Every structure is written in C-alpha cells, then in structure tokens.
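Below are two complexes that have subunit A in common, paired first with subunit B and then with subunit C.
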Partner chain A sequence: MSDTIGSRGGMGAGIGTALARARVSSFISRGMNGQLVALAIVLAICAIGTGGMSLSPKNLQTILSLAGIPLVICLGIHQVVLVGAMDLSTEGVISLCAVVAGFLIKNPLTKYDLGFWAVPLAAAIGGLAGLVNGLVNTKIRMPSFIATLGLGWVAQGLAVVASRGNSIKMLDPSFQLFTNGNLLEVPNTIIVALVLGAILFAIQRRTRLGTYMYAIGGDEALARQAGIKVDRVKIAVFAITGCVYALAAILLISRLASSNPRAGKDLMFPAMTAVAVGGVSLSGGIGGALNAVFGTLIVTVLNNGMVLMKISPYVQNAVNGIVLIVAVALTIDRKKIGIIK
Partner chain B sequence: MSEAILELRGISKSFPGVAALKSVDLRVDRNEILGLVGENGAGKSTLMKVVIGFYRADEGKYLLRGEEVALGGPDDAIRAGVGMVFQEGCMVPNLSVMDNLFLANERGFARGPLIDRKRMAEAARAQLEEVGLGSLDPRTSVGGLPASRKQMIEIARLLWLSKLYGSENPVLILDEPTTVLQESETEMLFRILGELKKRASIIFISHRLEEVVSLSDRIVVLKDGVVVSDLERGKADVPSIERLMVGHELAAEHYRETMQAGPRGVVALSVRDLSLSGKFEGFSLDLREGEIVGLVGLLGSGKEDVCRCLGGSEAPSSGSISIRGRVSRFSSPKDAIAAGIGVIPIDRRNEGLATSLDVASNINLLVLSRMRRGPFLSPALERKSALKWISECMIKTPSPQTACATLSGGNQQKVVIAKWLAAEAGILVLDHPTRGIDVGAKDEIYRRIRELSAAGLSIIVMCDTLEEDIGLSDRILVMKDGRTVREIPCPRGGKPTPLDVIGYVV
Partner chain C sequence: MRKSFALMTLLIAVSLSAVFAQNASGVFMGTAIRSLENPYHAVWARGAQAYADSVGGFTVIQTCEGSSEKQLNDIKALIAKAGKNAVFNIDPNESPNVIPIAKACEAAGVYFVTWWNKPDNIKVTDYPHWVAHISFSGIDAGEFMANTLFKKMGGSGKIVALQGMLANSVAVDRFQGLQNAIAKNPGIKLVAYDAADWERTKAFEKMKSFLVANPDVGGVWAANDDMALGALEAIRAAGLAKKVLVVGCDGVGEMLDAVKAGEAAGTVINPAFWQGGIGLALGLAAKDGKINVKTTPPEKRAFYAKAVEVTQDNIDKIIAEFVKGTPKYDWSDLYSNYVGPIK
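Showing the complex of A and B:
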C-alpha cells in the first residue's frame, strides 16, 4: 500500500534535514534577516563606492522616490508568484492602462476630464486584463508563463492601436503635483506603494484568500483536495495584480505628465528581480508583501549606487541579470526539482 | 452486539488486465480498531481507495451507518466522516499547523473580511489537545515537523472535520503509520488510538504483524484481492496470520522452474560491504553468471537503494562494486551502463521507456553509436537492429515505428528488456518486472528471464510477491531495516515456502 504514497527514507537523517529546511524556509518567510543583511551590504558597498554620497539625506529621498513605482509593480507580480504562477503581461497591461488613463484624464485628444475618477476606471481595465490572464491560465489550462506572455502582447498591441502610437499630454496638473510631492520629506509615490503593500500584507496574513494563496503555492494538489476552489483563487490573484498594474501606470504617467503606449517598457525585469531578491520563492508559497518591499529597496539602492558610481549602463544591466540569477539560486531548493525545463 | 458503521458488500474492482478486488466484504464496527493485513499487491491499497471514494467499485454495495452511499471522491468521504491518514501526513508544508487544520473551513473564524487568528489558535490548541499534542504551538510551520506529528495533526483534522459535518463515530484509516515512527512514538500513537476508539473506528494497516495483533479488535487478511480471513481478537497470532497472508503452496511450474538453469561460471558481480548512510549497511553479494538472486524485503528495507547504487543513480557512501574482478565506481547511470549493468525500473513508463518515442528508437537508445554510417545515423541499420530484437523478444507491435505509449504493459516491458539486451548488458537488475502486467504476459516474462539466465546473464530481481521471488530465484537475500538478515537457497526442486521466508521479512 505504501508504495503509492512515496518515499520513506532513513528516519533520523530525514527529520534532521527536514527540520533544517523548515528553519530555513521560516527564516525566509517570517524573519527578514537575510534581506536586511543583503540591504545592509548593498548600502555599504554603495556608500564606499561613492565616498558616502549615497547615504546623504537628499540621495536617500531620491532612492525612496525611485523605489515607489517599481515597488507597486513588484507588489503586483509577487502575488502571482506566490500562488506558483508567473505573470509576464506586466509591461503590456501597464501600457494599456496608461493609454486608457491618459484618455480619461484631461488631455488634448479626448473631451474627457475625469480627474481622479480615472483611477478606478484604469484599475478596472487592469483588473479585466488580469481576469483574462487568470481565465486563460485556469480554464483553458494554459501555463501561466505562456498565457501571460501572449496576453501581455495583446494588451501592448491594443495600447498602440488605441493611441495610434501617439503620446498623450496630461493637462490636469494635480496628478503631477501629487506624484512629485512629498509628505514630511517622504515621497508620495513610496507612501502610496507602502499603503498598497500594507493592504496586500493584511490580505495575505489575515484573510482566507491569503491563506489559500499560500496553500496553493505550497501544494496545489493538496489545496484542491482540501476543498479550496483553486481556480477561483488564482483568477482573483491575477485580477488583483492587474489592478495593481493600473495603479503603477497612473503613477508612471503622472510623474511625466504624459502618457504613451510604450509606458510599460522595461519595467518588468527590475520588478521580477526584486521579487526574487526579496526572497519570494519562484516555486510559490514562500514570501509576501514584506519581501517585495525589501527586494525593491535592495534593487533600487543597488541601481542608484551604480549610477552614482558612474558605472556604464550596459554593465549595470549585466549586474542586474547576475543578481536575479543569484537570488533565485538562493531561494529555490533546486534539489527538489527533478527536471529543470 | 456491535453495530456496523461502514460496510462493504461484494466489492469488486478491476484494472486493465488485473482483478484487484474480487467480491470483498468488509465491515467496520462502532468503536473498533480493525487490523488490515496482506502482502504488497494483495489489494489493501485498492480497497482503501474504494473506502475513501478515490476509486468507485465496479460492483458491490457501500453502506455507511446502515445507508447505501455513492462517494464522489475523498472530500465526499471526509464529509461523511471517513478519512485516511497518510504516513507523512497530507499537509501543505509552508502553512502553519492551524492553517492546515482548518484549511478550506475557516468560515467559523471570520470576523468581517478577516480571520480571527487568536480564536483560530485557541480552537487549534483544543483540537491538538485531543490527540496529545497540547504542547505544540499551532502557529508552527508544518513543513519541519516529524512524520509522527504530521500524522497526529492529520488525525486531529479528520476528527475536527467529522465534528464540523456532524458525522458521529468517524472512520479513520491509518496506512502503515508506524513505519515512519520511533518506538516511543509508536507507543504514544497506540495510546491515543486506544483513546480515540471511544468515539471513532479505526482501520489500521501495517506490515508489522505483532503491532496489528496487539492493537486490533479484529483482523482482516487480504490475499490476491480476496478476504481470506476475518479473525476476532485473541484468535489471531502472528504465525497463523503469516500463513493466511501467504496462502496456498507454490505451484511448481508457475515460474518455469523446469527451465531454471542455476548459477554457472565465474562471479560476474561482486559487491563488498556496500553502504548508503541512512538506507542500508554492509551489503555483500557474489553474483555468478547465469544466476538469479532475489532481493526480498518490505518497502524501505533498503533493497531499492541497493539497486539504485548498482544502477549508478545513487553513489554509495562506502564499500565496493567489482564487475568481473574489476573494481568499478559509478558516478552516474552512464558508468553502470558502460560496465554492463542494466536496470529495468519499476516505473516503466517514466524511467524505463521514452514512451513518446517509437519502439525502434527505444530499443536502439543505448547503442546509437553502433548505428552510424559516417557522422550520420543510418535508418537502415536502426531498422535492422530493431526488427531483430522485436522478433527475438517477441514484442507484439504493429511496426518498429509504433509509439511505445500505445503498447500494452507486457510489451513495453519487453521493449525495456530488448533495449538492455541490445546494449549487451551482462547483469540485469529487474525491479518488479511483472508489476501491472497481466497473467499471460507474466508467463512470457518469466520464460524470458529463464532464457536470459540460461544464456549466462546474471540477474538481480525484486518481485511483487514472495512467491514470485522464491519461484524465480536461485537464492534470495532477505533485507530488513537496511541489513541483509538471511540468505536462503532456492534451487530447483528445493524451494522454500513463502511461509519459511516471511518470518524473516516482517
């Protein structure tokens, strides 16, 4: 009978390694010590490399201001990663939401002037895109990797078609004032991002949806067996992530006071790196909003430092690539994965 | 008189080629611990899967608390108060104990949109208390807990669910719970089961017959898909259960014994003091040409690990393997193949065959270098080799280009054997060669094994049943808890009975 259930193994050793692994995993999920150490190291390297310039109050404020939008995007992606799926539609969906929002906020091309009411409408578009991602993933049973890659390009295409490739000037100054403003010296964008992080954190830790997300990321088959409506949870997660992308899009266009169908370009890679660097396991189930925050901070500090150190942008790209791979290597227990495709 | 909670009447279940259960009657009474024993492959697993609704029986009635039911699946069964506890528990490793306990049933702890974690922890503590885990913090992550704890949490979960769904006197199935437990943990489990018995029924499955005898109120013995005995407490002792498990005497010609050639010639494979830490220790074996040696033991006895080391997929921690006098070190299956050891794995579909490839490609897989003309593979040579082995091994396939996935189990097994013969392996490790193969094809495999041995190949075999091990082998090595406990010769005409052997196995 037991042959259907799986390995048995040497008891003593098995328990020992299992305990060790649990300690490691709770270290990653609960304590943020690893991330704190990494952040401290990156801060130290940058401080040494710039002769302390990187730690000036002015630059710290710059770092926070730079981190805002990437953090929002990272908070979006990490939710999908938590349930063990992948979202590559980020850039397309952000572009689409940017164009939609650009048309709804006072602009020279349309007669709309919805002001802040554009935010929920853009969020609806983003949520809809996420919903489609989730439906294709769960109902058509398409790997999320492919579903979101394809649908991301669909969204990108729609953005270009809708805007006819033009950028859209924003004539409502309040958006730009808000995104470039500070509250007690803290940039508004990072405050928005942190509030979002706090909401997602509460969902993850204190609601059924959150528990189910972790359960699905940990073992989808068991979660299904326990009676969780796995598909519904995944679709909801994709949709929430879509809404989060919309928020990122609005912050993005407000900052420049201009929207264009390429708004999302090159935004996914840093966010994905932040997800991994923050310690969210790419196989799902481990990590959370707090990890996204730390991951984004680490990546932002590093990139800011490299700019201050006048490192060539091409080298910066390469460094980011290496950071991504190293971070994933540290968070995935690759021994448990039999075949890597 | 005791009252039946769960009753199966005339349950039959067949899989293609195999009748797993043949009109089985099973009754579980209120407040009873029912022991269920039988050899590997006797049908215990299938029977329990019917009980928890994972399989639907082809025939027969399923009654719960006197009413006929048709369970749609394991979740249906749980709602009806029937649940199975798996050895390692069945829990999401990254969640906390309490999240697992109440997974998908948190409604009772809702406070607005949020979960009241405090109340949940209290309820979890109370529930854990019931299974003797009062000291366990319900916020601990499950992943790192030892198997004994996971089993207990699983039991607590099932009890809680049965309360939630209002099923009184739930039925808990424990599948070989003690194999992953230390002795003191086993004692504790038994104490708790004794307590639980007051408000639940338990089906206890174990290979450790002493435990079954001491714990169970009644013992049901299953053999070849039939209930052969139903013994009241006190009427059962270990030897009589062993006799029932093994059943009839060996049929002499069943395993083609008249073709048994016996060992001849030189030692082909010599293993000295091979160990793999945590799995087995001090394994030694001299395997001669033409000899068939059976490795016997329960799952987890270490025999599978010995074979993995021989096949090069696992590196032994100490000891030596020499092939025809030459000490060999295998760091990968490739080395073992080069040394002439072929492993025919138990999981044919995933490990033995590339099922999406055709028959010819599978047969030639290891000898592609011989199919070359210049730098290219020659389709003509490939075809020639394939046709040769198809007829040699009597593989029933429409053509060499047929995908292996479409062949029957028996023919797939023949393809695996042909692959190794084409690679001129001198030593074959057969891991359950007849698993999932119907009777007729089994006989062909037996005959084939005899022919290979007569041709001078050395064979190590692990079989589905003791009878098969004894019948096929020239001698058997009995392994238990990682050590070789006994070597028993099985020459033609002088075979021991399974009964002689089983005492060493369990």
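Showing the complex of A and C:
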C-alpha cells in the first residue's frame, strides 16, 4: 500500500483529506497580513519612541545584522514546530557545534585548520544530534519536548567536557570578516539566513517532504492512516533542523571570533518567540519559512527599539514574555487541544 | 542506582584514604573548592599547594563539582579522619552551605576560613574556630573600573554600561560602584545602560544598538570581561577600536591581551593564587596559636581583601606575574591584602 501512496495517482481517501487539510493550512500561512501589520506597528512605535532614529539607514542595517543569527535558529525550530513537535535541544546542540567548530577552525588549542571545511563537519554533528532527537521521539515514542530537552543537556555537557569550560579563540580571520561584513550595505548574516529561508520555503512548498510535513502537523493520526511514513518525515525534519543549528553555531562563533561551551545559551527563547510571533502555530501544521522571517524581524525590531528607547532592562524581559503569550494566544489551534496541561 | 551510589562512595573513600595516607604525620590542610576544570579554582589549588610546600606540608584538595551536599560530606569525612588535626580553606558552593559547614567545623574544633558569600545573619564572631570570612568588594571593583576608564577619557564624555544578570548581588554591587564614580565625575555622562547577563553575545548585540543611538560614545563600562570583550567586537566592527575603550572585571586572558593592545583600559583580577594560600595560612596560624581568634577584632574576622587592579600602565607586569609566571606572596603576612570590614 505504502508504495503507491506516494504517487499522485494512487491517493486514497485518507491522504486526500490529509493533503486537503495541508493545502488549507498553507493557504492560511500565505496570508501574511497579520505579521505585516504587527511589524509595521512595532516599527512605528520604535520610530516614535526614538524620534525617527530607529528608521535611520544605519539602524536598519544594524537590525538586519542582529536578525541574521536568530533567523537561522528560528528557521530551524519552526520546521519542528510545523510537524507538531517541539525542539528544546537548540541551545545544547548549538553549544556543541560551536565547540567542535571552534576546535576545527584555526585555534590555539588544536592543530586543526580546516577553514571552510569545518562547516560541513559541524553540520554533520548537528544533523546527528537532530537524527537522535528524531529517533528517540519516533522510535522510542517519547514526547519530543522531553526527548529534545534531554538530548540538549547531553550536548551541552559534551560541549563543556570537550572544551573543559574554556573559550576557544578563532585565529582564522576570514570567518569573522565574512560574518561582520556587508554585501552592498546588506549584512552577510541576513543574506545567509534569507538564502536558507528560501531553501526551506522551497522544500515546504515544492517537495513531497514539505507536503507531508504540513499533513503530519495538521493531523498526525490522519497522515499516518493515509500511509505517510510519519516517523521518517519527522526524523528528517529533526535532522535538517540539527544541521541548521550547526550553521547558526558557525555564524555565532565567527561573529565574535571566539567559541565557548556557553555559545548557545539563551538563544532559544527569542527564537521560540519569533516562531510564535511569526504565526507558526505551536499546535503544528500552520505557518512556514516566511512566518519565521517575519517573526524574527518583529522580535529583533522590538528588542533593538527597546535598547534605543532606553527601556529598563528589568522591563524588557517582561515585554518579551507578554509578546510570546499574546502571539501564542492568537495562533494556537484550540480545536486540537482537548486538555490543557 | 543504589548499587552504583554505594560503589561510588567506596571509590571516593578509597581515593580519599590514599590521599590522607600521604599526609598522616602533619596537619591535614583541606582546600574545598568547586572544580579543577575552571581556571579560577585551578589557580586556587596551585596557590594552596604553593603554601603547603612553603611549610613542608600537603594540602587535600576537595572539589564539590557544584554539589553543596558533596562539599559538606567531603569536609566531614576529612574531619572524621583527622579530628582536631585539620584546618580548612573553603569556597562555599552556595552561601547557605556556610551554615552546616561552620557548625561541622565548630563542633570538631577545627579552624577554618571561608570566602565570597555568606548569609548576612550568620556572624563569624559567634564561632570561635571561624578564623575569617573574606570577600572582594564588588562596589570597589566597579568604581575602580569606572575611574580607570574616566581617566583614559580625560574625565569627560559619554559612556554606556553593560550590567550583569539582574538581581545578582555581584552585578548590583559593581553597578553601584559605577554610579558612585559617576557621582564624583560631573564631566561623565551615562547615556545608556542595559543588562547583557554576563554574556559576550548579548553584549555584542546591545553594543551594536548603543552605537547607533550614541555614535559619539567615549567608553564602555562592562560588569565583567566577557561582556567587555563582546562590546569590543562591536566596537572593532564599527572601526572604533582604541578610540572607544572598554573596561571589565575578572582578568580573563583575552581581556589582558586587549588591555595590552590598547583596546581596553583595564580590568580587575581576583587573586585566586593568594586566596588558595592565605586561607590555609590563616587557619594554620590559628591552630598553632600564632593568632588568637578570640581576641582578633571583629573587623578582621569578616573583611574585604584587595583585588588586583589592572591598567594599561601595569599590564606588562601583570602578564609576567599572573599569566607567564606565578605571583610571589609572603604567606606570613596574614592580613596584607586587608581593605576593610564587611558591613
């Protein structure tokens, strides 16, 4: 049965429904009006609060350069959220990839000097971590938030052990020059992030994997009944996300030309906020790469604006928390949740 | 689980007794610290060993690896073995852990010294065997950093500040020090401050935004070196290195390099090597009757010690002494770094 399911001609009633549902979901996500309005409001508030300074070309460039790395992370997490799962291993996996990459790029502690080749190797580590996340989630049938939380701590621990808690200085200047550089006044980090976003967008819209992702996120039981190999899709999604984390780790350590086992710390909350603010439903099946882009921009503009407006740091965290709760309240699909835990 | 726990206890007991055996004749000098993996405590342990060597003894290094429970148990184990023939130099894992440690040492009649934080309601003077509780003033450090920066700026200009984690006592103290210095320097204006949670990445991001709002900023005060280094990267990216100086605290290696390169104005080092040695020296002096704890004035029982202040003027000496070499201390001068009482 499953052999014919993949082909368009052999669709059963089940997969038809699942795909119809997926189509509806992607139709919803195509409407970016809400996100555009939210971005406009945030930009306007910041512009008023700073007397227009926040819209200066210099600050817009700063916002774009600040948004690059959070966007990469957000693009990673949103895929997992899209299939209705959760990934809390972000910080640990990024820290581990950062330390591994730190040791592979020219540094004072090891003799390695792999240059660019450190990128695919770090991606392999990240992908492996994602693969384990997916396997534990689907094969051992453990809720994804617990499986990934556990693996995140394992990865964080490995990062600390491997580095013995030390910072690793990066002696290859080309990485830092690239990450802090601009192409025609557009920061390179945001270009990298947007290229990644375009690739993921294409996967979501143009490939069978993407269609299955929406089907699983929309209704996993239905997707399974329809013969979609749910486990395989989820494992693939987790693995891709792991690779994306590795990319974020490389950008992070090259920006400061220094790597340490705390590199991933505190990166998940802003990324998760961006996922929710962008309109990716935490219950799965709704949203896409474009939502991640808008979500990250909104969060970055807001945080940059709060610094420019000299809002007390005591208040800033609270504002972010409120934004997260409001965003989730607006995007969550309550029909799917029987009991609130 | 229980089996593996028992096995671990046995292993620890065996390894501890092996350590004890080497020192059976003299006084057991216990050094209780967090772990040897962080550079600060690794240097601490070297200082303890250097002191032990200077008196022909041996120090028992106990690392608690972040567990208050283990720290207390290790200390009790050594006391059980040595009886009154022990002294302790302890960096308490958490400040509440000071209470059971003090009670255990007091009950056994063992002299001990503690560092950094203790609960405010616990008085050293209530414990006749508690030789001293020593800390470093965050306010002084913050003020020194600020003054070093202001001096380099010629006493006037705009600065921005990066705070540590909010509601953290060290962060609050250091920031208070900055504010004290600003109050005394009317030419300096604090145009923006924000929290970067001790982290390099966050400091980098906040600094990027600061530079947009304040392109004419003259200096950056950061509550620790990691944040100072993050801010420095943003300054370098903006092409302002050496024009906009940073100051930090802790004395991490990269920061010392930045001071040497003229990109940072200064930092403050907590002298771990001295801490490791002098704590044991105080304990042993009390045990041998060289100092009488009961008659020692209260201000010398709980006091602030002097940290090592690093500026561009003394950086070569600092690197020679603390990075390339080993600092030399006169261990018999027990209160040489005394600054003032902890209020």
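Basically, the second predicted complex is superposed on the first by the 311 of 341 C-alpha atoms of A that agree within 3 Å, B and C clash if a C-alpha of one lies under 4 Å from a C-alpha of the other, contacts with A are read in each partner's own complex, and residues count from 1 in each chain.
The criterion applied here is as follows: a residue touches a chain if its C-beta (ideal position, glycine included) is under 8 Å from a C-beta of that chain, and two chains touch if they have at least 3 such contacts.
Since the structure is predicted, the reported quantities are computational estimates derived from the model, not experimental observations.
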Going by the contact rule set out at the top, does A:R206 touch subunit B (first), subunit C (second), both, or neither? first
With the two structures laid over each other on chain A, which partner does A:G218 touch: subunit B (first), subunit C (second), both, or neither? first
Of the two partner chains, subunit B (first) and subunit C (second), which one does A:S258 touch, if any: first, second, both, or neither? second
Tell me which partner A:N180 touches in the superposition: subunit B (first), subunit C (second), both or neither. second
Once the two complexes are aligned on chain A, which partner has more residues of subunit A within touching range, subunit B or subunit C? B
Does subunit B (first) or subunit C (second) touch A:I286, or do both, or does neither? first
After lining up the shared chain so the two structures overlap, which partner does A:N33 touch, if you call subunit B first and subunit C second: first, second, both or neither? neither
Look at A:N59 in the shared chain and tell me whether it touches subunit B only, subunit C only, both, or neither; answer first, second, both or neither. second
Contact residues common to both interfaces of subunit A (with subunit B and with subunit C): none
Residue ranges of subunit A touching subunit B (in the complex, touch as defined): 1-6, 8-15, 18-23, 25-26, 29, 202, 206-208, 211-212, 214-215, 217-219, 222-223, 225-228, 285-286
List of subunit B residues in touch with subunit A within their complex: 40, 44-45, 48, 74-75, 86-88, 90-95, 99, 103-107, 110, 113-115, 117, 141, 143-147, 175-176, 179-180, 182, 205, 277-279, 299-300, 482
Considering only the defined contacts, which subunit C positions touch subunit A in the complex? 37-39, 163, 166, 192-195, 197, 199-202, 204-206, 208-213, 229-230, 233, 237, 252, 254
What part of subunit A is in contact with subunit C in the complex they form? 50, 53, 56, 58-59, 62, 65-66, 164-167, 169, 180, 252, 255-258, 260, 262-263, 265-266, 304, 307-308, 310, 313-314, 316
